[in-house]
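Should a chain be cited, it is by its letter among A, B, C, D, E and F, assigned in written order, with residues numbered from 1 in that chain.
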Amino acid sequence: MPIIEMHMMVGRTTEQKHKVAAAVTEAVARSLECSADTVRILITEHATDGFYVAGQTMAQRAAARAQEKTA
Amino acid sequence: MPIIEMHMMVGRTTEQKHKVAAAVTEAVARSLECSADTVRILITEHATDGFYVAGQTMAQRAAARAQEKTA
Amino acid sequence: MPIIEMHMMVGRTTEQKHKVAAAVTEAVARSLECSADTVRILITEHATDGFYVAGQTMAQRAAARAQEKTA
Amino acid sequence: MPIIEMHMMVGRTTEQKHKVAAAVTEAVARSLECSADTVRILITEHATDGFYVAGQTMAQRAAARAQEKTA
Amino acid sequence: MPIIEMHMMVGRTTEQKHKVAAAVTEAVARSLECSADTVRILITEHATDGFYVAGQTMAQRAAARAQEKTA
Amino acid sequence: MPIIEMHMMVGRTTEQKHKVAAAVTEAVARSLECSADTVRILITEHATDGFYVAGQTMAQRAAARAQEKTA
């Protein structure tokens, strides 16, 4: 083990994914004192209409906030 | 928290996903008496060859049922 | 489908879980116009040391905020 | 129940997915002595930059190993 | 890869879990023509108030069905 | 986002979980250049009979290896 599922928005470059996977693996191996070889990371990317906070996409929230400021 | 992962078949419109995310967030906040701001929803869509019941895709099941009726 | 995984903190009563499962099922069936019979919900409860925002448990965050106010 | 989430690399054919879903369903129903009708399988495919062992993609690991042999 | 998450109701014995893990691993390795060494299985058990079909636990469904027959 | 699910064997102390959550959050925020406040981590612990490699628990694998050496 550890097996780590990372959920993120689409749009990161392959380079960014490589970087975060390497950094998280190092952080896990150091903190749990286990071999990096045992750490597996799965990245799942979600479309802009596939992630919601308070029932709104990030775009909907930004629009709502902009409107609040104008009002 | 609550963090909610919704698995569904591909093919829903963005409008349908917005609608279900808003409705589920409202249902969770009301039932658990928590703020909607703490509710996060992740939607993962599965291809038609990525979901199986009894070892068959929905298309395979429909075909099997149609054949049963004919037989 | 839809299959829904709900992650929440431990501590909810069975009654609360029944209530949220019924409400979410109704919300999904209505929004996606599918039969409630196709909706499955899995609840996973996480211990207080099993959920982190900004690298802190909810207790650590509350303590940090209380300290900020005092300072 | 049982609900089974299978994570695999992209690139399998639809035929391979049908085959593995049927075989896993049969294995689960036989081992747990439950009806195949209750077994649901969700397949999630991960891109080549979406799976890491020891902080490296499969391609990075293969390249590192090849280099070790040459050195 | 493949990484397989199995969700099931609590109550299976350790022997049953060993059996299903071995059988599923064999089925995956054979179907996808990959080494069994690459197959990882994670079992998550859900409490009786942690799994719902049509918004009801298995006990609630059984009770509802029994009542239908009597009515 | 990012939302991170960490699967590990039971047995880590609360202190170890705090440590790994803080380290992973820092690694993700730094690598993806996002605010730590947006990073959520869910830890799921699996029993010794809830994780399998090549169809065997860690104990079964250790026993098999010990036997190989003796043979």
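By definition in this document, contacts are C-beta pairs under 8 Å (C-beta built on N, C-alpha and C of every residue); 3 or more make two chains touch, one makes a residue touch a chain.
From a predicted model like this one, the values you see are computed outputs, not experimental measurements.
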Name the chain whose C-alpha centroid is farthest from the C-alpha centroid of chain E. A
What is the distance, in whole Å, between the centres of chain A and chain D, each centre taken as the mean of its C-alpha atoms? 21
With chain centres taken as the means of their Cα atoms, state the distance from chain D to chain E in Å. 17
If a residue has to touch 2 or more other chains to count, which residues of chain B qualify? 3, 7, 23-24, 26, 40, 42, 44, 46, 51
Kindly provide every pair of chains that touch. A-B, A-D, A-E, A-F, B-C, B-D, B-F, C-D, C-E, C-F, D-E, E-F
Mind pulling up the chain C residues that touch chain E in the complex? 14, 17-18, 21-26, 36-37, 39-45
Taking the complex as given, what residues does chain C use to touch chain B? 1-9, 12, 16, 19-20, 23-24, 26-28, 30-32, 46, 51
Under the definition above, what is the set of chain E residues touching chain C in their complex? 7, 44, 46-47, 49-57, 60
Please output the residues of chain C touching chain D within their complex, sorted ascending. 3, 40, 42
